[in-house]
Each structure stands twice: as structure tokens, then as C-alpha cells.
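My questions all concern the structure below.
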Amino acid sequence: MFLFLVQGKWTGSAAWNTLLDPLNGEPFIKVAEVDETGVQPFVESLSKCPKHGLHNPFKSPERYLLYGDISAKAAHMLSLPKVSDFFTRLIQRVSPKSYQQALGEVYVTRKFLENFSGDQVRFLARCFAVPGNHIGQQSHGYRWPYGPVAIITPFNFPLEIPVLQLMGALYMGNKPILKVDSKVSIVMEQMMRLLHYCGLPVEDVDFINSDGKTMNKLLMEANPRMTLFTGSSRVAEKLAVDLKGCIKLEDAGFDWKILGPDVEEVDYVAWVCDQDAYACSGQKCSAQSILFMHENWSASSLIPKMKYLAERRKLADLTIGPVLTVTTEAMLEHKKKLLQISGSKLLFGGEPLENHSIPPIYGALKPTAIYIPLEEILKDDNYELVTKEIFGPFQIITDYKKDQLPMVLDALERMHAHLTAAVVSNDPIFLQGVIGNTVNGTTYAGLRARTTGAPQNHWFGPAGDPRGAGIGTPEAIKLVWSCHREIIYDFGPLPRDWEIPPST
Amino acid sequence: MFLFLVQGKWTGSAAWNTLLDPLNGEPFIKVAEVDETGVQPFVESLSKCPKHGLHNPFKSPERYLLYGDISAKAAHMLSLPKVSDFFTRLIQRVSPKSYQQALGEVYVTRKFLENFSGDQVRFLARCFAVPGNHIGQQSHGYRWPYGPVAIITPFNFPLEIPVLQLMGALYMGNKPILKVDSKVSIVMEQMMRLLHYCGLPVEDVDFINSDGKTMNKLLMEANPRMTLFTGSSRVAEKLAVDLKGCIKLEDAGFDWKILGPDVEEVDYVAWVCDQDAYACSGQKCSAQSILFMHENWSASSLIPKMKYLAERRKLADLTIGPVLTVTTEAMLEHKKKLLQISGSKLLFGGEPLENHSIPPIYGALKPTAIYIPLEEILKDDNYELVTKEIFGPFQIITDYKKDQLPMVLDALERMHAHLTAAVVSNDPIFLQGVIGNTVNGTTYAGLRARTTGAPQNHWFGPAGDPRGAGIGTPEAIKLVWSCHREIIYDFGPLPRDWEIPPST
Amino acid sequence: MFLFLVQGKWTGSAAWNTLLDPLNGEPFIKVAEVDETGVQPFVESLSKCPKHGLHNPFKSPERYLLYGDISAKAAHMLSLPKVSDFFTRLIQRVSPKSYQQALGEVYVTRKFLENFSGDQVRFLARCFAVPGNHIGQQSHGYRWPYGPVAIITPFNFPLEIPVLQLMGALYMGNKPILKVDSKVSIVMEQMMRLLHYCGLPVEDVDFINSDGKTMNKLLMEANPRMTLFTGSSRVAEKLAVDLKGCIKLEDAGFDWKILGPDVEEVDYVAWVCDQDAYACSGQKCSAQSILFMHENWSASSLIPKMKYLAERRKLADLTIGPVLTVTTEAMLEHKKKLLQISGSKLLFGGEPLENHSIPPIYGALKPTAIYIPLEEILKDDNYELVTKEIFGPFQIITDYKKDQLPMVLDALERMHAHLTAAVVSNDPIFLQGVIGNTVNGTTYAGLRARTTGAPQNHWFGPAGDPRGAGIGTPEAIKLVWSCHREIIYDFGPLPRDWEIPPST
Amino acid sequence: MFLFLVQGKWTGSAAWNTLLDPLNGEPFIKVAEVDETGVQPFVESLSKCPKHGLHNPFKSPERYLLYGDISAKAAHMLSLPKVSDFFTRLIQRVSPKSYQQALGEVYVTRKFLENFSGDQVRFLARCFAVPGNHIGQQSHGYRWPYGPVAIITPFNFPLEIPVLQLMGALYMGNKPILKVDSKVSIVMEQMMRLLHYCGLPVEDVDFINSDGKTMNKLLMEANPRMTLFTGSSRVAEKLAVDLKGCIKLEDAGFDWKILGPDVEEVDYVAWVCDQDAYACSGQKCSAQSILFMHENWSASSLIPKMKYLAERRKLADLTIGPVLTVTTEAMLEHKKKLLQISGSKLLFGGEPLENHSIPPIYGALKPTAIYIPLEEILKDDNYELVTKEIFGPFQIITDYKKDQLPMVLDALERMHAHLTAAVVSNDPIFLQGVIGNTVNGTTYAGLRARTTGAPQNHWFGPAGDPRGAGIGTPEAIKLVWSCHREIIYDFGPLPRDWEIPPST
């Protein structure tokens, strides 16, 4: 049973929404959801923040230090085993995934916070300056906040995504309103309290639970200067229009992996494929959706090994579990359509999970792989079907012959979203051929390449789209949460004997 | 009489549009305008360019060098007096402004091209890399092109704006279609030929003349990955929606200047105000639209001096001239409304130009300044009227008392666009007070501060808007014409004795 | 009673040296000092480290993460009140200064460690890359370690200087031997144990106590690739020759402050002058050695206020205390010589401390200021005497008339070392006049300017000398502890139909 | 017959030194050499330049623009065929090398100048700034000049090395005295005149011809703040001591190449080896001195192909020619000693050139390669002999078995200088193994790797030495010709109600 936060105060609303336990369908959390009549306090709270933000290099710079302190303290809290364990289990409870995967979120969040300890928040506001045309003139390029901003984040990473984006927004001087998918927002509600304990001023962030329609109304009325949205492409495109492009997006992707001609370490590659496709039941934005194998790999033991690995996953330890946005039925239907394509075949999986109590509003499918011939994928009639993203434990596998790489590249070029990718090869010439002809924003290359893995130490986000967001790194924070402002000092003095020149 | 360029060929169309000479209303240029039936070749041409561009760090890197060569050669051409004079006069002919102002465009364009000579284009593609978690892993952050892109530029800087944006787009590996306001596109048509002479491959750029409706259709069909629009806020907002936010904007601004408490060098400040408000007949995006004087300045000879300077401007040398987007009538009407505000007064100007043959579709007004009391400006009834941008030789002047700075800041906060600004003072504490509480993207500060001045050596663009574009500097080019792509090498080797771990 | 550390083992030597308590002259610490016969294990230990270091971007990158962890843990330890208090009191005990000043060292050390938590150590190893001339070629600029290095640090900051330089050296992949002035090395001995507790591998650092002669022998034999020396100019110059320039230096400075024409906040400026000149009994490298007052300040109450502030300092709380490298006698002798200069006068101080038990090997002087006319300072006969650095509570004060700024600048230009400086004025034109004509490495400018203050958030070090070191910031660490290495990948492929060209 | 330049005037001296034509031994150039009695005007000229330089961000910033202009103009001049041909032939005449090689120098010089056209000089002076602790405080990191500096460059690149270092020094605001090896200084004398024509102020550079002893005296008296020396290790080490380390060095190197296990493109690799070892008769600092072949390459046709290529070189087109610092006799003697090593053999060359008129003070040797077994190289008795640098067409070749890579790495670690290197392999794991365990400053990696190639677009210089210089790139210029200066603005205001706190 939890609450929202506005103008520095935690409040419950009249409307309590009850969530079902994804593992057994029983009611287990009541969320205070704001409805359309309740948005006014949030609108007011946002509008109190000016466009120049809560701080900037010329206003309250001591707040940069405050956020360095908050980060150091919160990182230390998350390093304590009992705190880390608490958040890991809380994440598992609402967004079912294995202990290790949930712990990964806590770990990345902690490392991110360590990265912005001490002076590192103010270092984000580092500017540059260049000599001007005459004595007394120098131009400075600053990073400036947007002021009032909004953050909307999805169910699959209930801690990592909101904390990284929220703190990034705050670091740069913005005042965010944060909305996390209500199904999992209890995690962030608890984290907000930890952040307050570590020194976060209560007025700096508003925290809301609501349905999408209410949030849309709020955004239209409050008119935040920037909105970060992480979630489905459908909603992303609608928001882009509603907000007239004042948005940064990280939407889902149909992420691909290519295995190059050099076959080595088959066990390792099979294991990475299994993790990429099925960890978190395939509900990572970066999950492997399609695998292109060079014919040399087809001849190896890769597929049998992947099958073996997929089949050792079990509900008991949540290495496979509920799918929160696609029903079992929908996934089976998709399987059926795919298997009607000429030459296609089911490699493994393709059946509902057994002996479970996952409620029917959620999905429950065994890790599934379907083979489709490359030529069929490229056909106009099939392409859209095959490259439809299923946000669950579901992947397409195909292969290509030595001279068919151009066809593979063609398939990649035609995709709509370009989030993550992997090119598994240690042949630098093969690698540059694929990298130079594609655009995915986070692309792993080399024998150990994976599609998943969104740590805090490197950029994660789509490429090829001017609205694309990044998360977590200094570059991502600066791009998403600040803009360039140029201040040109021109103090003089005037040249001796200056006189008014003719007009021009 | 001139043409458009598509798929490497110059072509004339069936539809010839005749332009009127802005100085005497006589027909003087025929432009080949593409209509809605003619967009197909442009759509095809754009769609030939893949999303990964014409070049990127892993594809045809020799093209970075090619563009360094083109830039060096074109810069040298523009340094030749006869070439420079030719473009200066051509600019004057279609976008009336003084010789000096038109020459300024040519000069800035040349310096920009010098800046990207030699290896400097490839230096724009500079990436960074960070060690990974284990041996064989390193993450790289690259600047990646968008591929097919569009550029739409206005009438007021017929050479500088299109060249700087076009070359920026090309440098980063994009294939642009360029549309310049037909009234002035002859300048860029000539410049395209010069660039071809200097080595620009003819297939790299498509060049179109059309009306807005046709261009809109083209954009909808060709779906460029990024569109740079420089022009009116009205069109900008529409395009932002039509293109779902895949856009960078530099729209006009109601640019302000504040004179601080320290009165010095009155002659100089008056001269800068005159140039900021009236050079190019006030048709710079950065033109001074409103002046806030500290009461110490009201007591000085500033206003009489500004009046004197405004009145020495004359049509003969185009230090005042035709206004291309606002009629005389509309400006007089605006003046009339303003003078109905309590306490307002006409400081100077406010009458049509005399003895001219400017056609009535254009405007012809003497440099004009109207005083409005600060309290009146802030009233809800007046605010929108007073801060309406008039793209002509027209400014508002007001003053503030020592303790009224917060009111001035409030007026600034309520504006919609935040392009340029100036804070005229050498008092660092006054400066930081204004800078820290505002957001204009290009803000000059100091006794010599101006609002105009968009040289190639520092950033120029609006702030406070995630869609905001910049122009000309390395930072602006990278922001507008490329996105971040992360390549994480992960070559291995595997740890000795690696074994498949449990699933997670 | 404490030890040294070599090849991962703490060891005591035969030779124990007994230190006297600086406050009462009684024996209080026994230090195990290595003599010339004992250097061999240190030489061997250093020589085990290859030139490419313990780690670099291509070797053991996991060690970057290890150091991020060590830093986060050590920072947390120093944030614990009992640990912080322990080190504060330990510093006070051996390098007498006020509690607040000693605490400052602990605080800066902690903040420095926070700055390099998480991934920030690997971010120090960030490289850049640029496209090459043809497909398959890219050039990368890396930061490379030196391998075996040495660090020699002085008595005045027993914790801050060695920790910041030591960790910087380690972060970049070097293996340092650390020698701290034996008088205070107990602080660092304790800190080494804390670092080991936080995960520092014991083999990574050797820690030695010895006299200078022994250390010189060790350096000659071990031949470290780089030596960082912080200390006196005399030793610095000798080491530069002995080590053939393979050195970075931060030697003392005769640090100056200029008060500009704008007199404001006299209380504040007097207080800053008092702290700059007399905190730590004037034994900071950045202590104010000379003050140039504009005549407007001479007319203010500044000097009387400085006198008042100087006289409230007392031995009881160590706001004034023992001088560790200059005897009372030497300081009185210097005073005497100065007072023989025409027009000079004693402003305050100039007498030995009273009622103390500081042993005569140390100095004990009241905070002292001596006025010397500017014209006299500039005379060749006086200049060297006046600008002789006294590492104690001793400053020169002079004044200058409106038109004498060039004489002041001439005095600055003739100085030998250029560490810190301050220009107290809010007049930007005055500031740029002084800044543009001087070279001190750390120069504060503005009404709140000070000469002391070497926090971890900005560069601290001399300028104008290619051997100059910096401390603590990312830039300083990279400059001092790593060098540029360029790796140019050139994978190919060859151009199709490549044939052997003629020789050239 | 040419002159020197001091204090803005070209002057001849009493002492004329006559140079012999390296191709036929006849007198052909008379150089005005300054002797020890003539250094005074140079000392005075240098001492006129203050430590803060001729310009810096706060002094005469318009000079940054001046140097952008000079660079653009000089680059254009060098792009004119007749100018380019003039310098190419002049280089050939004094430093015999093929037309193509000499042209390469002119081309690199031109591209370097293009790189610093327009605003790019002022961009070198770009600083960064970070928010401070309270309102009104910001810290700035600037690049500051050294003021008076010296440049000493060798015979082998008479145009490229002096121009790149000279312009770099000037760009950053220094006043250099330039000394080029008298044998070739006529090239730079002509280039100085071209630079003056392009706008270089005549007082900005002093240009001297003298012997080393005179130059040493001059340096001792003038005491330049920084000296850049490119030349032999012997002189470098002496200068480092004489100048107390105020020096940056680029001395010669015993440059190595390793061929990895993957044998491909044998023709190409043989051709690169031939060019690396014998172009410019082996007189590049980056020339290949030793080749380590994986046994797979020994089994290929590599060596016969290298022999074929070496033998097609001929004096007629200067693809082989005079050696200016080693006599024929000395090289033959070295060969003889090497061939006494057990298992060694002459692979090709090893004999004097035939039918030539090269005077005996110079060397004339056929391109030579000697095989020495790896085990022998590593022996203490042989190591120094084998790795002695012969600045001529002379290389050592050896091979290693699959498991002998550690021995190769050991051989590399023991070398003294670490300039260039090449690792010829497309196996990323092999590459990282070699790169991570070595330190050469400019290391090419990949199948197309070479040791020579010092273009203007990437860093060139030694690593592993804090005195190491770089040349030509923005990073090199900033490192060698400027130092860090931190300016911390601290304008205030004071906190409201501030009161004097207790002393600390």
C-alpha cells in the first residue's frame, strides 16, 4: 500500500488500485493512483520550477556538491548486504526475474551512484571556453538544465532505469516528476525514501502513480520542457507528437546478433545466446530477438547446446517466469503464424509453461526459438511478421551462407528501431563490414559479444534517431538532461580612440 | 533563371515562378519550382542513402578527407576578392542589406570552411574509448550519421545558414536535401556550383525549390531521419508534429538586452544597440527586440544617441531597406496597438520609408523604437502584444529601477523562444544574477555585449528546448548532424577454465 | 614506532631514528629508517614492474575497477567520525596545525577518493580515436603508465599530498615507491594500513623511510621512469639534474596577492589575508608571501584589521605553532635585514612566541608582517632578499599607486617560482590585466580570492615550467602519472587489385 | 649563401661555413654561422619575451586569429605546384631522398597548416571550467604559453619537423628561437621567408645557424623556459641535464616490427617492410630497425621478396642514397661484428654502394638485412650490440616460434627508447597481447601496420618518458608548447550576514 509525492509531501489518494501477484494472481499491492481530477498539484509543483532550473553554474552551485554527497551516501547504503538484498527481493516480487538478475539492477544502480560521488556531479557541468576576437572577449559553452521535466519508465527494470534517469535529471539542475509503471512502482517508492534519508530535498522530485491517460493530461497541462520516455514504440510515437518533439525516447528494439565465419568457443557463445534471449524471460529492451548464424556455425553444436540451456531454465528460481505485457495465447498465435512460413521450424520451446499459477493476464511460455530461412525473412509478405517484437522468451534464428552477408545487412537496414546488437567474431574485417553498415546504438563486437548488458559504464540507447535517449553515463546525462548555452563575455576595454563607425 | 539538382543532375521543371525585385517590384528572377507531382525523384534520391550514411568511421573514411579538401578549396575561393564580391552583391540583390552586412555572411562562410580544412572533418568524427571489465573489452563512443536528412533555411542569410548546415550534415556522413527560401535560393544555387567545382560529388546533395506544401509532402514521403529547420516558430511547431519530433529547430526569437547599473561608454553602447536592432533592417534572428535599461542609463544620453544613429540609416546604402515578411501596414498597425498602452510613447521612427519603390508585398519602415513602462509589459493583457516578434526594424524599450530586476527577470522567463540576449555590464555579480536566471542560448555579457553576431567561432542557437539546433561550431555540427553510437569490443580471451555457469 | 613496506611485507630495520615532539622537544616517535645498505630490496621491487605498468587499457583492466572499489571504501572509512578524528589528531601531533586545518586535509582526501569511486578510475584511462586514411585504419590516443615510479612528499600535508599522488600513480597503472618526510610519515603508515584494509594489494606500493641521501642512492639504482617530488626548490633542482629531467615538481612558491582598486568587504578581505598568510603557521606551499595593496586599500582599515586577526592567534589551539624548517633565529635575522631597507617598517609580529616549549631546532614566531616600499622591492640590491621565501608565519606587505601596476607586474615577472596567486577585485578589466601578464599556476581572481585553498576539485600546481606537477584532479593525474601512447589500427583490407608500387 | 634572423632582421655573420654536396662532395652552400661571440643579440631577443608569452587567452587574443590566417595562407602556397615542387627539390638537394619522400614532407606540412586555419588556433587555447563551491566561484583550466622557448631540429626532415614544432610553439603564444641542423637549414630559411610573406611578424621568431657548442652557450645564457629537441639520444641526455629537465625530447629509436601468426598478403607486407627499413635510406626516426617474424612467416616467401625489393633501390632516383651521420666504414664494421654472433647470417646487402661520388664523410651502403637468432639477441653479451641503432639502411631480422612470444616481449622491454613499432596481425588477441606489454609511443597494429608514417593527423612521439615530445596534432601542440594554468573566479557575493569566523 503506497503513495505518491508532490510538493514535498507524501499523500494517498482516494483511488486505490489493486495489483495482482504475477506468480499466483492473488491481490498483493494497493497503489494510490492519481486520476485526471488529481493532476493539479503536480502541475503546480512543476510550474514552480523556472526554465533555468533549480541550479546551474550561475545559480546555487552548492547543489552540485549536495548531489555528490547524496550519491556517495546512497551508493554506500546499496552496498550494505541487507539493503541490497531488500531491493533485490522487492524487484523480484513485482518484476519476476532470477535473484542474480535482480541483484544486477541493484549493483548497476550502486555503481552509477558511486560514479557521481564527490565532485563528479559538478564535473558534469564542466564547460569549455575559447578566446574571442579581441581583448576582453571569451566564449563559454555551458550545459544548462531544462527546468521542469518528466520521466516515464517501464516495468522491466523497476530500480535501475528510474534511478539513473532521475538522478541524471537532478544532477543537471532539473526538477523531475517521475512516473514508474504502477505494477512495479513500489520499488521506486522505497528508493525515494532511501534517497530522502541520504539527503535528497523532498521538494526536488514529484513521484506519481497514474494510468497513461492521466499522465498524458498532466503532461499537456504542465508542459514540461523535456520528457524522457522509456517504453513501447507505440506510446513513444504518440508522445512525440503530443509533446511536439520535446522528448527523448528509449523504446524497445528488435535486437539482432550475427555470428561471423570464425567458429570458436561454442559453449560460451551458446551460453551468451541463452542469456541474451531468455534472461528476465526475454523482457529486456536489449534481449536477442533474432540470431543470424554464419553457415559455419550451423554446422557446429550451437543449436543443440542452446536447446539444452533453454530447457534447464525453470520457474522455481525465476530463470523463466511471467511475461508481463504479452499473454501466452498471443505468443502461441505468433508462433503459429511464423511456422506457416515455408521452411520454418520450431527449434525448441513453443509451449506454455507447466505447473504454474501465473494469472492469464500475463504470459507463461517456455523459452522458444523458431528457425526461418533468410530468403523468407526478406520477403515483403513475411518481413513485418518475422521482425515483430515479442517482449518475452522468444527468438527467431536463421542462417546465411558466406556470400549472403549483404542480405543480412539488408534485413537489418529495414528494421525500425535500432537499440542493441552483437557481432560475434574476432575477425576485424568482418566486424568493420557489419558495424560500418548498421546503426544500432549499443553494439557489442567480438567473440564475447552479447546484446544484453546495459551497465553504468558505457552508453546504452538507440542510434539513428534524433529523439534517442541514452542512460547512465556522463555523456548520456549531459545529452538527455541538459542543453548547450553559450555565454560570450565581452568586457572590453574599447580600443583606444574608438569612434562610432558608419552604420551597416 | 535557375534550377534544381537531384540524383546528381541539374534540371529545370515545367513550373517557373517569377520573383519580384524587393527594391522596385519588377520581375527579376525565374525559379524552377517543383510541385507536388515532381517530388518522386527527390524521394528516390534520399531513399538511396542508408541509415548508416555515405560515410562513417567504419565506411569510406577517405570521404572525411575529401571534405577537408573541399572545404580548404572553397574557403580559398571565397577569399578571392572577385568571388567574395560576387556573392556579396548577389546576397544584397535578393536579401537587401548593406554591403558590409552581406560581406559579413561571405566572410563567416569562408572562416567556417577554413575551420574544417585538412583533417578537421575527420576530427569531428573523433570518438572516445574506455577500458572494459576484463581483458579484451573496451567500449567506444562514436558519432554516427543519420543517413538521409533534410535542411530548410530562410531568406535572411541566403549563404551562411545553408552552407554551414549543409556542410555540417555532409561532414558527418549524411546525404542532405536542401531547400532554401525560393526568394533567395539563387545565392545557394551559385554556391552549389562553386562547391561542385571544389570537388563536392554531385550525388551528395539534392537541391530543391518548392513551396512549403510540396516540401511537406516530400518530407512525409521521403521520411528523412533528421530535418533541420531554420525559420518561423509557426512552421517549426507544425513540422515538429508532422515529423514526430525528428527535427532540430532554430526559430526566431524575441531577443532581449539588459543594460546594467554601471553606465560607461554611452556612445559605444548606443552604436551596438543601433546595429543590433536595425542592421539588416532588423531581419536577423538575433536582432534586439526589447531593451531593458537600468534607470542609470535612462538618465544618460543613450536614447537621443540611438535616435541619432537610427535616423542616419538610409535606403541608398541599404542600411535600412525592405522587410521581406511583414508589410508596412502590419508594422504600423502593431505600433498603433502598442501606443494604446498606458504610458507608452514613440521614441523615434514609426513612419514608412519615403521615396522608395519597394513593392507593397514587402515592408518599408523607418527604424522604430517604442517605450512601454515595465509594469505595463508585465500585465497579462499586454504581455503577448508587447513581446510579439516583428521581423523588421522595430524594438521595444523600457527601463527598470534598482530594485525591479526581479520584474525584468519575470518578463524574460515568460517568453517563449530563447535565442539570443545581451547583458551590458561589467559588474560580475550583476551578470551572474541575470545569467543564472535566464536561458537564452547565445548570451553576450559585458560592456561590449550585443545580441547579434553569429560568427562561426562560437555556438549560435536557442537553449531550453531539446529540439534546439546550433550552427557552425564543432559542437553544433556534432549535436545536429550525428548521434551517439556505442561499440563495445569484447574479443576475449575467455578466462582459463571457463565453464558454463548456471542460468540467471 | 613504525615500519617500512617492501615487496608486500612490513619490516623494521636495524636503524631506528627518534623524532622529537615539535611541541615540547621530547622524544616521541621511533622511525625505522633504511640506510644506504638497505636499498636493495626496494630496487628489486621496483624493477619487477615493467615499463607498461601493472595495468593499462590492454592489460588487467579489472584493476581499474579494483581501484574504484578501494577508493569508494576508503572514502567511506574517512567519512566515519572516529576515523576522521583519528587522522586529524594524528596529523596535528606531527605537523602542528589547528584541528580545523588538519581536518581539512582529511576532508580533501576523502572527497578525492569519492571522486574516483566506481568507474571513475577507468574513465581516467579514457582514450580518443580518429578515422584513418582508408577503411580499416583508425588512430587511438591512450594514456599509458610509466611502470616503476617514485613519490617524495614533504612534512606539511602528511596525508593529503601523499594519498592524492599515490592513488593517482596507482590509478594510471604505475607501481610507486613512496617516501614521506620521516617527521610525519607515521600518518601515511597508518593510512597505508587503512588502504590495505580497503583492498589495496600489498605488493602495489613500497613505502620507505630514509634520509635524502639514501633516497637519492635508491633512485639512482632503481631508475624509476618518473619521480614526483613535492618540496623545496633546492632539492627539486638537484633531483631534476640527477634524474635527467624524468621528474615532475611541485616546489614552494613566493605566493603573491594583489588588492585591486575596488575596496569592498574589508573585514572579509582582512580575514582571508590572515588565513592565507598564517594558517598552518604559514607552512602551506600556497601561503601568502607578499601582499600588493592598491592605494585605495591603504586608506582603509585593512592593515589594522589584519593586525587584530594576527594577534588573536594562539599556540593553545595551534592557530599559530612550530615552524618545522626555519628556526626562530633565522626568521628574526631575516626580519632584521628587511628592516634595514629604506622606508620599511614592522607592521605587526616580529617577535618570538612566548611561554612555549617548542624545541630550538624548530621555529616559534608570532605572525609577522613587514612593510617595504614598492620602489625598494624592485631595486636589484633588495629584490632577492625581499622575495626570499620564509616557510613560516611571515609576509611582506607593500602598496602601489593607480599608475604603478606595471611595477607590480614587473616584480611578479622576476620571481622564480609561480605556484599560487590572488587578485582581489571584481573589476573584470583589472583582473584580465593582471591575469594576462602573469603565470602563477593556481590563481584566484575576484573579491573573494585567496592564495591558499588546494581542494581536490580544481588543479593545484605551478605553471610556466615544463616540469611542473599538478595534484588531485583528473587532469593532474593524467598529466603527472601517464603519457600519451598512440595505437593506429590498420587492419585492411587492401584495395582490390593492389600491386606493389615503385620504391620511394 | 644564407643568413640568420634575430630581433626581426636578417643578418649575415663574419663566419661562413661551407657545406659539401652529399651527392658529389663538392662545396655547394655557404651558411652564416653564429659563433660564441655572437649569441648576445639572440639572448636579448629571447629575454624580451615575458613568461606569459606573446599572447594568451587574456592578452592579445587577436594573435590567435592572425596565426589562423597565416596558416591558411601558407597552406595555400604549399598547395601551388610550383611552390611544392620548389621545396621538394630543395629538400632532396640537402637531405637526399626520393622525390616522393621529399614531397611527402611538403604535403604533411601543408595539411598541418590547413588543420590550423581559421579559428583552429584559438580552439587550441580552449579551456574548461567547473562550478565552484558557492555562488560566484568557478574554476577554469587554461593552456598557458611558456614565453621564450627554443627549438632544435635535425637534418632528416628539414621542413616538416621545424615547421610543425615552430608553428605549434607560436600558436600557443611562445616566442621561439629555431635552430635547424646547418646541413639542411637552407630549407627552413626559405620557408621562413614564405611565412613572413604570409603574414608572420618578423619579430616573432629568431632563426639561428650555429654549431652545438654555441647553441649550448646560448641556451645557458638565454635560459628559455622550454626547449624542444629532436635528434640523437646522446645530445638529448646531455641537454636534459644542462637544462635541468626543462625540455621535451624526441630522440631516435630502435624501432621494431612483429609479424604475428596469421600470414596473409605477403607481397604487401614485404613492400611495407622494405619501405619502413630503407626509404630515406633508413634515416627516419621511425625506420624499422628490427623485424621479429613468427615462424609461419619464415616459411613464406617474405624474405626473398624483401631481398628483391631492396635490390631494386637505386641511387639514380635516391631510393637509396647518402647516409649523413654514419660512414660506410662504420656500417661495415657493425655488420662484421654482428656476423660474428653464432647463427647469424647476411640476408642481403652488406656492401658499399657502387659507382657513386658520395664523399667519405657520409655513408653509402646497399640496403642491408642481417639475421640473428632470437636466443642470441637476448644474451647479455649480444643485446647491446644487436640493438644499437644504425641511422642508415640497415636492419636486423629474427624469428620466433609459437611459444617464444614472451622472449620477444622481453627483448622489447629491455630497449632504451620507445618511439615507433608495428604489430602485423589481424588477430585481436595477439595484438592486445603485444600492445598491452609494450610502450612504444606510436604503434601501428594490423595487417597493414608499418613503423614509418608520421602524418599530421595522429600523434607521433615516444612514450614511457615524462620528457617525451609529440609533434603536429592538437594534443601534441598543447602538451609540448603550453602548460596548465588554473584561474578560479571567486566574485562573491558574500553570504548575507557573514561574520569573521574564528582563526584556524
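Chains here go by letter, A, B, C and D, matching the order in which they are written, and residues are numbered from 1 within each.
Methods note: a residue touches a chain if its C-beta (ideal position, glycine included) is under 8 Å from a C-beta of that chain, and two chains touch if they have at least 3 such contacts.
Composition by chain, UniProt nomenclature: A, B, C, D = Aldehyde dehydrogenase 12A1 isoform 3.
Keep in mind it's a predicted model, so treat the numbers as computed, not measured.
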Inset, instruction - Would you mind telling me which chain pair, A-B or A-C, is linked by more contacting C-beta pairs? - result: A-B
Inset, instruction - Farthest from subunit D by Cα centre, which chain is it? Let me know. - result: A
Legend entry - Whole-Å gap between the CA centroids of subunit A and subunit B: 34
Legend entry - Centre-to-centre distance between subunit D and subunit A (centres being mean Cα positions), rounded to whole Å: 48
Inset, instruction - Could you tell me the distance, in whole angstrom, between the mean C-alpha positions of subunit A and subunit C? - result: 44
Inset, instruction - Name the residues of subunit C that each touch 2 or more other chains. - result: 57-59, 119, 122-123, 130, 132-133, 135-137, 426, 428-429, 432, 436, 446, 457, 489, 491-492
Inset, instruction - Flag every residue of subunit D that touches subunit C in the complex, lowest number first. - result: 50-52, 56-59, 98-101, 130, 132-133, 136-137, 139, 141, 144, 146-147, 225-226, 237, 240-241, 243-248, 265, 267-268, 271, 274-275, 278-279, 309, 312-313, 319, 413, 418, 426, 432, 435-450, 453, 455, 457-461, 463-468, 470, 475-476, 479, 483-492, 494, 498, 500-501, 503-504
Inset, instruction - Provide the residue numbers of subunit C that touch subunit A in the complex, in ascending order. - result: 68, 72, 75-76, 79, 111-115, 117-120, 122-123, 135-136, 428-429, 432, 436, 456-457, 474, 489, 491-493
Legend entry - Residues of subunit C that touch subunit B when the two form their complex: 57-62, 64-65, 119, 122-123, 125-135, 137-138, 140, 426-429, 446
